[in-house]
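Inspection log for the structure reproduced underneath, given as structure tokens.
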């Protein structure tokens, strides 16, 4: 880790969040907490995605004044990678969908057994 | 040889065997009586009994199988004689070799069962429980006896490289030192012990077991049937002895030798019988699985390696 | 205890694995691969100032269709999952009055929020933002409405109509791409317009508007369902 | 099944069986001799009448001696080969075993013991005969093949002896089965028994021991006598 | 050509618009959804058609009008066409099936279903990994939603676990994808391939992340608890979709990913696949819940398909054939079974007995199960055959062993289930309702299975040689199953006779012997069928199926044909056996042993084909690669059919409990198939070849011990048919022993036994079977005295037992005589003595058989039974004539036999002099012996007739009874535990060691399964832990520390 730049830092944070998410998924008994853990995990991944698109000292990939103000007016040399930004949008939406679904499940599960302990929902096993 | 002459000789031989069998039976009973200090039956008693039985006026039948059971039995005895070379005369087609050239030891061993099976079926149709019990015991014991006996016979067959009884007898000619008794002692020992079971005297007489299951398979038989069975018994006793004589004791070159040897063989079983009480079936079966079986296996192993 | 140790172990190994992944990262100094192409050509091929938007809506428009579908799916699943029986719907619990502040604020803010959302998705090809962001902003307005007045009955029909029409329109615009331009979801069905203006980038503003409406409707729908089924408790 | 059901069932079954029994005050019928209904494998119900179905019950026929030299020879053989059924009916049976000892040795007379009536031709009724035993004796006697001989041993078989007024013994044996030889005494010694055998042999040789035919000839009379005294008959008229 | 993008457009267009159109009613929306799926199916079908029958080349579809990698593109190639066609058709059928349950949940559910199918299509077609991720998520979410079609907490729990599990998996996938973009700068699969991504720095770990996520989607063992819960918890119609469509799509994704993952992954994929296949099938045996069991089976099958994918480089051009063969069978059959489970609505396996109330459903169920296990004529049979052949040829024998073991485990639970359905009590169960829209899909997949079976068999040159005529005849009989028994029987007999007539000239003499036994024996046994009343539904197709198999193995020119016939025969005989009253457990063990044997044979054929150009039957004469093992496998395989000791425990029950005319079929006839196989193997080994002497020696001992054990066990049976069954074991021991001697005399003896055993065992089983039909019990002690009622049957049994016991003069003695000569010749003395001893023991049970059944006391309720049916007497007495002829003129049969054997074992050890057989050791004149005995018998009989001419006929209680009289026949008949004394002496020999051994193995497997499946604790968190654990373990193994 000879050069600790923004990319590395955000990447490390992303992984850290992912680990925290995993830890939460594996240890928390409460379904809501599990969902929270999942969102943390999801966020971690999103941070990963964005940080992988980061290029030191470059600007947002919108071709407007901010780009044109750069020295050589070359879009290629002035913006960060736009693809991860597009991907992260999709990832966020998917994460939103899954979270919404999980919450719906949590509601119905709580209605069914009046509990949110995940280990109570083991009707199906073996 | 003309077939009619052959038949005549064979019939004559059969008669000799039948009468010798009855006489031998009487003699054995006489010996038993004398051992007990009695006078015993007259020698003519078996013949008198036979005539009396044939002269019985009322007979019953339980059905066709019951009826032909004794026929099977007697045919079994006669057939054994037919397939056995009786007196050795230097040729397989000799005067007293009967029809032994049509088959060999295996035929004799399997044909032994013919009479037994027929009798068992006949007695079975009689419907008497004791008959069935006797047969069950007899078959079980027979199976147990067969094992050491077969091992010994196989050993003898290996020794002489033949299954032909005639050839085995032939190979034993020229002095008692050539008998299997001396050339193949393990096989001989196995035969001598297993023979006790085959001849069916005490302690191996649980087929008939008088006074326990009446007299076993024959319980329902009377009159002529009984006469047939007596005759068959006489023949079969001689034939069993003759088989052992031929296989182990050098066969016989004349009728006198045959009579002497069969007598001694038969006497051996009577001798044991007088001394020992009756075995139960499981005792009998396990007895054959001990020493006789061991001897038989040794006799085989001698030739296996 | 055993389980906790196991989980600790698992997390440790996971961390080790991620560490190995992390090690593959090298600070980048320039664009590479497709990104370079996009940076070079997006503006003139697609005509959108916002390269991310051109990627989202056109180059990877198929993904976006999938995204919309996911929202739609989630909304559908939740609506049949949390569906109430007719009588339950009528027996809805009356919520108490929420704070005055909230009510007043919602009356003031909701139209502005809606307007802002619409602005965001209409200008998606020019500025940061777009259909999803705009839709999400609109849904925030709905959320505010629900919080301010929990007893509000949002018109399902309107939501469904908006959702359906915008969704179908998105697909149809995509299909126009096959007929009029290079392929499904190609934005060049009409002229690209002048770069950097509102009416530029071909179909992107149209598509993004539909997306924005649809996303807004769907998220509102989901919120509505949550709100309604909450009464069931 | 609850206890109540069980009781119902039992009483129902009892009622059924009572209905089936043919009411008769005079004769007692053994349960195994009652006519019974069984279900055949094909589902039909068949009636079994044990006495009729399981026993032949045919009347005995007289078997006339053929006469001539053959019959003489056979009679000689019969006389030299008397096979006695080993059935001790009364106290006299204790006198039979000594016969096989070296002291008396009946084998030398051609007399042997047989365990089954099928193979015997002589029957020693050894002393008093209770009515119960009589039933067995009759059955056994009838199962022996003809010609067959009966030796009545001791006074009891002649006139009841010391049991002449007993409620449970018979007085005269030959009312029930024909007797060839009586041996008087109470009890006769084995020597007397052997003497009786010798007498029997003489009779056989002379052709006078044809009591089996007499039994067949006077069958109805004998049966009437037997049935008069034996209440629980429960066997066919003639046991083959 | 409609471009595949319309699959997406139509689905989404319809889906989005339904929010408005739902005002028109749920039926309308449901119909619209089905119409959309139909259109999608049509699109994929026309592509499929173009690829298969036209010259179509793979076509890329570019979205947004830009070339990839700058935009997302879809590929429609041949495989994509097939897979999407599969997905869409199952989606269509499933949509029809679930029409009502979807409708009940409303238009939203219908839409979700439509989008699921669409998403699966895109997953298959897309060439962009991120797009793949998006649509995988769509499908996951849709599945998570549709799980809820089944109401109740159980399905909700399952759904939530599914969401949790897939969210972890997709997180891993997403990390992998984003890093793959980072290191390559592209997201396109084709670019990954061309750039060979794994060579980049960190490429290996990126590939690992993508790969492991895709593998996890396939629910690998043991990280698949969530998948099992989904299979069990969701609507059965939907389980079918998961199994048929979702798993298929995921498999294809795996295939796609494998293209850039690098070859080193192939091995690991196979490894994970095989662990999944074996593991989940092993756990399946413990299942009592149908759907969960099917779930285990589905996961197992997917594991097998992963193995195939992993071996695609080794299998080469056969890969698609194998892969699609197994995939299609699994896809159709599993869908069918899931749908059936939805129709029948039975949870526990035993409750499936209710299916019998509608027999046609039973047929469907059988079709699906046999297709799953890989029986002919289904595609999986050919695929499995090719798979094993190719794997063995490439030296992967351990893999073959594992695959076959897993297959047997699968057969265990599937056939147990099937057995319950056929045999379990069903009176108390409520009949199930039929909805027409649910039946149609099941029907269609069943027909498709048969169709594909034929189609697949015609695909390769080898399999197209298979003779389908007998099988067509089976179908014909099935079609006329509604006709009365008389017609069907006549058709069956005529058909067999005609077939025999047509193939008779093609056979050499060696095969002809067996063909005569199979077909002529079969006809005789079928004649007995006239005795039955009614329709006897289902009997004739399965009987002819067995004969079709038997004649198939006789005619076989290639090992494939042989194996095909072998499996047909196994299937047919299984159905025959299972028709008996209490035969369920025995049918199961029969099936399992048969399958085990069949797989051994399969493996051996594979080994035999190594280094050979063809798969002609003659290759087993010259095996080049580990020949001793190959022969050992072949022998073990065939010995399962001959029921040799160690592999015999299925036989007594199976034969004993079978129907009266089935017992002779399976005993006298079917067992000879095993003998035929053993004979072929031994011929292959060759007489002179000393390198196999250990094998032959072992086989000899096996034969001897089998003879002893079989006969000894027969002695202690109380059930007449079981007695005969054990006797069959013993007799087959004789045959195996004779063949194992590998000498002229030994083979002559063995073949003489083959013919004899056919004759007398057919007589005995037919007669005893007919008697059992009359008296209604198998227990010998409940019979007795039947000679009075059935004299003809008695005579038949008498002749049968005399022949069996080997007592002269009947034909059994032929075999015995030859044997002892052979024993002396070969020098196997001890074994010979054992054989003789077991022959002696045979008398015991034979006497017992005839005594306790026909002699002794007639029972009350049998006093009116009739003689056995004339339809049984005809074949019985035909066979008796055979025995008498054979006995009188043994040379008529033995001389031709000697000529047949001469090419293989050419020594003139037996010389015929007229009617006298002369060997080195002795001689035997069959005709003369018979004449002598006959004359002696008649003479003695004459004497007796004269001396007892006046015998009185008496009845059964006229016996001396110690002065008493018998009271009941039951108390007078000596029949129960007759050989008690012998038992006391010999009980150590009757300890069922073999049975205990197999029981121990079974228990061990069950315990293992029972213990292992406890990892599926039902806790969603535990499942997540499994997944993470699986990832990490695989990571440590593959990437390393």
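Which chain is which? They are A, B, C, D and E, in the order written, and residues in each are numbered from 1.
Here, a residue touches a chain if its C-beta (ideal position, glycine included) is under 8 Å from a C-beta of that chain, and two chains touch if they have at least 3 such contacts.
Quick caveat: nothing in here was measured; it's all calculated off a predicted structure.
Asks: Keeping to the contact definition above, tell me which chains border both chain D and chain E.
Replies: Output, common partners of chain D and chain E: B.
Asks: Which chain's mean C-alpha position is the greatest distance from chain A's?
Replies: D
Asks: Top contact pair of chains, counted by C-beta pairs?
Replies: Max contact pairs: B-E.
Asks: Counting only Cα atoms for the centres, state how far chain A is from chain D in Å.
Replies: Spacing between the chain centres: roughly 109 Å.
Asks: At what distance in angstrom does the C-alpha mean of chain E lie from that of chain A?
Replies: Chain centroid spacing, chain A to chain E, equals 51 Å.
Asks: Rounded to a whole Å, what is the gap between the Cα centroids of chain A and chain C?
Replies: Taking the average C-alpha coordinate of chain A and of chain C, the gap between them is 16 Å.
Asks: Mind checking the centre-to-centre distance between chain C and chain E? Centres are C-alpha means, answer in whole Å.
Replies: 54
Asks: Which residues of chain C are in contact with two or more other chains?
Replies: As it turns out, chain C has residues touching two or more other chains at 7, 10, 14, 21, 25, 34-36, 38, 59-60, 63, 66-67, 70, 73-74, 77, 81.
Asks: For chain B, which residues are shared contacts with two or more other chains?
Replies: 58-60, 214, 219-220, 223
Asks: So which bits of chain D are touching at least two other chains?
Replies: In chain D, the residues touching two or more other chains are 116, 118, 240.
Asks: What are all the touching pairs of chains?
Replies: A-C, A-E, B-D, B-E, C-E, D-E
Asks: State the interface residues of chain C toward chain E in the complex, per the touch definition above.
Replies: Residues 6-7, 10, 13-14, 17, 20-21, 23-26, 32-38, 45, 58-63, 65-67, 69-70, 72-74, 76-77, 79-81, 83, 160-161, 163-168, 170-172, 174-175, 177-178, 181-188.
Asks: In the complex of these two chains, what residues of chain E are touching chain A?
Replies: Residues of chain E touching chain A: 130, 134, 137, 141, 144-145, 153-154, 156-161, 163-164, 167-168, 170-171, 174-175, 178-179, 181-182, 187, 225, 228-229, 232-233, 286, 292, 1013-1014, 1016-1021, 1024-1025, 1028.
Asks: How about chain D: which of its residues touch chain B in the complex?
Replies: 60, 63, 73-74, 77-78, 80-81, 83, 86, 100-102, 105, 107-108, 110, 112, 114-116, 118-119, 121, 145-147, 212, 240
Asks: Which positions of chain A touch chain C when the two form their complex?
Replies: That would be residues 3, 5, 7-8, 11-12, 15, 18-19, 22-23, 26-27, 52-56, 60-64, 75-77, 79, 81-83, 85-87, 89-90, 92-94, 96-98, 100-101, 103-105, 107-108, 111 of chain A.
Asks: If we count contacts the way the header does, which residues on chain C are in touch with chain A in the complex?
Replies: Residues 4, 7, 10-11, 14-15, 18-19, 21-22, 25, 27-31, 34-36, 38-40, 42-43, 49-52, 55-56, 59-60, 63-64, 66-67, 70-71, 73-74, 77-78, 81-82, 126-128, 130, 132, 196, 222, 225-226, 229-230, 232-233 of chain C touch chain A in their complex.
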